[in-house]
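Here's the structure, in structure tokens; my notes come after.
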Amino acid sequence: MSEQDQITTDPTKPAQRMRAGSMTLSLTPWLVSGFVLLILPLVFTNNSAITIMNQMAITIVFALAYNMLLGQGGMLSFGHAVYAGVGGFGCMHIMNASDFFSTLPLPLLPVFGGLFGMALAMIVGSFSTRSAGTVFAMISLGVGELIAACSIIIVAFFGGEEGISGDRTYGLPFFGVEFLKQIEVYYLIAGWLMISAALMYLFSRTPIGRMANAVRDNPERAEFLGYSARWVRFYSFIFSGFFAGVAGALFAINYEILTEENLNTASSGVILLVTFLGGVGFFFGPIIGAIAFTLLQTVLSLQTELWAFYAGVLFVATVMFFPGGLAGLIMMHVPAFKFGKARLLLMPYLKTLLPAVIGILGLSALVEMTFHVRHAATGENEMTLFWTTFDSHSFLPWIIALVVTAVAFWVTRRNTPEMVEAWHKANTFPGGGA
Amino acid sequence: MNAITDTTPALAIEDLRKSFGKAEIIRGVNLRIGKGERHAVIGPNGAGKSTLFNLITGRFPPTSGKVSLHGKNLAGMAPFQINRMGLSRSFQITNIFPKMTVFENVRCSLLWSKGYRYSFWNLVSKSRDLTESADAILDQINLLNRRDLPAGVLSYAEQRALEIGITIAGGADLIMLDEPTAGMSHSETDYIVDLIRKVTEDKTLIMVEHDMGVVFGLADYISVLVYGEIIATGRPEEVRANPKVQEAYLGAALEAEH
Amino acid sequence: MELVLVNLIDGLVTGLLLFMLSAGLTLIFSMMGVLNFAHASFYMLGAYFAYQISLGLGFWMGLLLAPLIVGVMGAGVERYGLRRVHQYGHVPELIFTFGLALLIEELVQFIWGKNQMPYDIPEVLNFTAFAIAGNSIPAYKIFMIFISISIFIGLLYILTKTRVGMIIQAALSYPRTVESLGHNVPLIFMGVFGVGTALAGVAGVIAGPVLGTFPGMAFVLGSIVFVTIVIGGLGSLWGALVASLLIGWITTFAKSYNVRMEDILNGIGIVTPSDLEDNIFRDLWTLTSPQIADILPYILMVLILIFRPYGLFGKRDA
Amino acid sequence: MRNTTKLGVSTALALIIGATSAFAEDIKIAFIDPLSGPFAATGTNGLHQFQFAADKLVNEKGGVLDGQTFEVIGFDNKISPKESLIQLQVAIDQGIRYVVQGNSSGVANALTEAIDKHNRRNPESRVLFLNYAAVDPALTNDKCNFWHFRFDANADIKMDALTDVIAANEDIKKVYVIGQDYSFGKAVAAAAEANLAEKRSDIEIVGNELHPIGKVKDFTPYARKVVSSEADAVITGNWGADMLGLGKSIIENGFTGPIYTYYAAGSGITAAFGEGGKGTIRLISEGQINPPASDESTAYYEAFKAKYPDGNIDQSRIANTIGMLAQAIQEAGTATDVVAVATALEGMEYDSMWGSKIYMRPQDHQAIQNMHIAVHTDEGVTFDYDNSGFGVVTETTVEMAGMDSPTTCEMQRP
């Protein structure tokens, strides 16, 4: 299994040609992202929005670090949370070592977090990177479970179930900033997000980064080119550990508490989910995944108890139908734009995807209504869905939801051939030929 | 010392044996290949040619015997270590990086020999030396016009050419090619033969090949491997004349060709 | 001494239960190269279906029907899910089953809610079979052992003595050859997946009443099952059996005997530090075996993977 | 439908922006507890009890001050400290000044520290933390702060009461202590050991052990040890599946003595124990359910059952929390100045309908109240749990338990 272990998408799909590897080194996206990060807090001004953005940024760093393994190195890890967690716990101990911390400006703390994560990755990587594939995945699972279990037993370092907490404001003021306010923390995290993302991107352009791709695709051939697949994996692994540790440090700064939750398999599973949802084939995939998932988790969970169910459905559907993830979906459209034919897609998309979205919403309405009927209190027949309040025990809403869903899917089905045709048209090179 | 180094063969194989379970596939092979030789290993199907290649390049460990490269024993070395000593090989079944571009395939194979090793402080795109060398090799193997396509979408002959390009890119002085023309049409074969001749100038070449036209056109020396043993080694005309060879293999093959 | 015997029986029950899961998982793995992360979820489904059926038709119908339903669902997952993902490679397959595990857990909570189900041992089996030195051995445990062993023997018989078994064994090693001989390999795959998940279903049906039927039951057991087949060697049925029993006994004995880390460390000549309360290794010193019993399999697995990457009985690189 | 979608998008954006400001009429209370995931059942049931209490005890009686009503809003923290802090921020941004939480001391620790920091850093939007179930003693000892109030008895007080009962029972000579391997399990074990040694030095602790939390599949080996140790009683702080697994296993392997527990009721556990646990499982808790303590509580429980037939009132302190908060707001004359409300809560004496006076100790903000040892049975049960016919019936009451229990809290008042 090991040699074939790789993310393959259909090689005939044009999106394939636009892999991270062949993208030109352009500054524009970086400047745009930097600018967006700069002005976001001016658009979303309140603290909860900033908290959510902080969470997003931390997840982005972590997901990018994870994709150094999964997307670029072809290594599937089921226990990556421990590197972020240990980085964070290490930082928390630094925060609590007040003599040292009072001489350290807070923005430098993530460097230490990275080093903690890297040190752990060196230890584990020394034996786990011998092979990719199932053996690697299983070792990562085992080590992850072990360290998570230890976190409850070894109270001296992990603080048991309560975890350990500290106060970021005891650090050396950084140009007069004490990081009392969420917004100050936001800029710290945003700064580190830019730095880490840039470094991780540059890593993928270095000789070792290129060879990580080579080893992912064909470890044997790489060996016959003078590279030890094991060492290439090892280097990817420890750098991934470093940036995971940075993410952990940012977590420590933002939340000022670390617990067992930062280490357990559920967190490791989430980061896998985030990364895959975004798309492992592209550098920016995990970024999209992290944004989408954080919104799903924080905003959708305010709306429905069933958010995890929807997340699960979305994830399985992604794996089954869009293995390139959201990024893959976006990049599929690049050729059409290049050919200047993206306009052709607009109407067919509207005609097909809009009903599809409505159908899915209708379906979720049915799910929510079923859930309400089953689990709501007696006498509480009223439920609010899509800003309409109705009686979930009467027939009418059910019929409406059923009809809307059925009609929407019927329209989707009817219009699909048109969309497929438009798709082919838009992806044909102008002037005939392929 | 000098006198000795001069006569040290590029590759020396002494009583090499390999068994898979009870079956002994390589049964005591001895071979010396001098510097600058173009040496072809021929033999009927199942003779153990690919296994011999795999033993030399460290893909499998031998059961017994010794392989030395420029006088250095290769025992216990991994493929990447052997490669670093100046031995590079191609594969019978195309073995490239299908998802990377053609250019990147070649560039990856240049990295180690250009001294980049496990560097994480250089950017590959910033190195003009790397880009120029890779382009030069692409030019050599006539794939410059395919430079930015994923290797997986190339035609079969182009992939074989790329395979050779990857093999020679690292500048190894001993090149081993495993059936470089397998499955090709006549015109494609001619193209590859020219290519091999061009890129192995001043190098030692060992190749496994079935196409006798290619073998006799390229090789300075030929060894015949039958059932895990070398039954003859020599100049093409000597081998052609060897009755044992004719009996075991060549006669039939030559007849079939005419 | 009697306690050793009791523990042997308890460990056997745990081990055989693990084996029912790992047998199916390892069959599926050796055939398709897929480590089915959702395997324990089918075990959970088995328990829930059996509970639901037992409400109307009683325990025995549950034992009969629930595994069948689970098997059909498993075959459906293979046919409509895995087969589709297969083309993308093994990592997406692994990720697919991982997602499926999450989804099934959510689904179970959606349907049955989050509480533990009152799924109980049937009255006929609710008595003490015999007692060893005051330790009663419930009849249900004997019943569990009986079921697991008969399934193992049945499996062994089918795999080694029947035509179907021969084809399956051949398809394990040479799927292309078997396909070219005219056998429908995708159908065989689907069948094996169905049978594997049905086995997990059986395990769920009989374990539900003793280990509890709740949404977290798959998660609690799930990772241990992977650990089992990794220790045993991916794709080896005998390995799965040995590793299951090993884990069953190790955890049982670790729980039963209070081995203290302090004693071990003193035994190898390290003196207990006098300032234990403030020592940074205090947690290590106070460790006892029941505390880490259920973590031991993970330690075992990591050690085995370091020193014997293919597991105890694994032959080839999976 | 298309319009709805459009509306949906803009509302979702508005939500992210979170610009909803509080209406002056309502006093909003953020309920930050698990509403999804494995502990959702407990969390959802808690939310129902809070909403019911707010309606019944405050809103239907005309509200507080000049008719302001209570609104309890659920925030799903997925029992994760990280999510709790995010939801806390969302709640604060919505103008909420009162936070209630109870499941998991880990979350409570994270929240109390975060709230302490928030109140120091943002004096204009201070919040109070009303902890209704997290029992880690540290919260009202080393980690206490002015903003935190606990309405449940802490683990030490419960153990104090529990061991009083054990000490009074001459039949108990040997006790087995077993729990989950984490801070709470360890705290229970330590408290049991200390209390028993002090109150009944003749009682032998024949076993004191910890097992991994949430990881044990089969409790049989532990149960065997309990049985073969010939213990007369078992004490455990286990909860959730670990409680059920351990309890069932101990009983199945032939143990007949009392099993003293903290959390073996409601949330499906009562139903799952059923006949097997009858007369064996004991529960230490505040609030007397059976026999009903007062007519008021009977009416209250009946009304609750009418609304939530599948629910239980297994946390009677929730009604106390709402009642005491309402009284404090009334006394302080304001709902927005939380310092005044907190000051009013300090030292408050409140008559609970569950048959106890409740005193909020000002030194550490720990509520002092009667504790009851109840038995799991189907006899004399007015209000059962999980609709199983089984419920808990009070056997013994310890009045104002832990009234003079020591605290290390050094309260810093603003």
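Read from first to last, the chains carry the letters A, B, C and D; within each, the first residue is number 1.
Note that a contact is a pair of C-beta atoms (placed from the backbone, for glycine too) under 8 Å apart; a residue touches a chain by one contact, two chains touch by 3 or more.
This structure is a prediction, so every number in the text was calculated from the model and none was measured.
Counting steps between touching chains, the shortest path from subunit A to subunit B takes 1. For chain pairs A-D and C-D, the one joined by more C-beta pairs in contact is A-D. Farthest chain from subunit A, judged by C-alpha centroids: B.
The distance from the centre of subunit B to the centre of subunit D, each centre being the mean of the chain's C-alpha atoms, comes to 74 Å.
Each chain gets a centre from the mean of its Cα atoms; for subunit C and subunit D, those two points are 36 Å apart. For the pair subunit A and subunit C, the distance between C-alpha centroids works out to 31 Å. In subunit D, the positions touching at least two other chains are 40, 181, 212, 215. Annotation for subunit C: residues touching 2 or more other chains are 109, 113, 291-292, 295. Touching of two or more other chains is recorded for residues 6, 8, 149, 153, 155, 306, 308, 375 of subunit A.
Listed by label, the pairs of touching chains are A-B, A-C, A-D, C-D.
Residues of subunit D that touch subunit A in their complex: 1-2, 4-5, 7-8, 11-12, 15-19, 35-37, 40, 44, 48, 75-76, 78, 80-83, 85-86, 89-90, 92-94, 104-106, 109-110, 113-114, 117, 121, 136, 138, 181-184, 212-213, 215, 306-309, 311. Within the complex formed with subunit A, the subunit C residues making contact are 33, 35, 81, 84-85, 87-92, 94-96, 98-100, 102-103, 106-107, 109-110, 113, 223, 226-227, 230, 234, 280-284, 287, 291-292, 295, 298-299, 301-302, 305-306, 309, 317-318.
Put simply, subunit A touches subunit D in their complex at residues 44-49, 51-52, 55, 149, 152-153, 155, 160-163, 165, 167, 180-182, 251, 255-257, 259-262, 295, 297-299, 301-302, 305-308, 354, 357-358, 361, 375, 377-380, 386-388, 404.
Remark: subunit B residues 57, 59, 78-80, 83-84, 88-89, 91, 95-101, 104, 107-109, 111-113, 116-125, 148-150, 152-153, 166, 170 touch subunit A in the complex.
Listing the residues of subunit A that touch subunit B in their complex gives 6, 8, 11, 16-17, 19, 21-22, 25, 202-203, 205-211, 213-214, 217-218, 220-229, 231-232, 235, 239.
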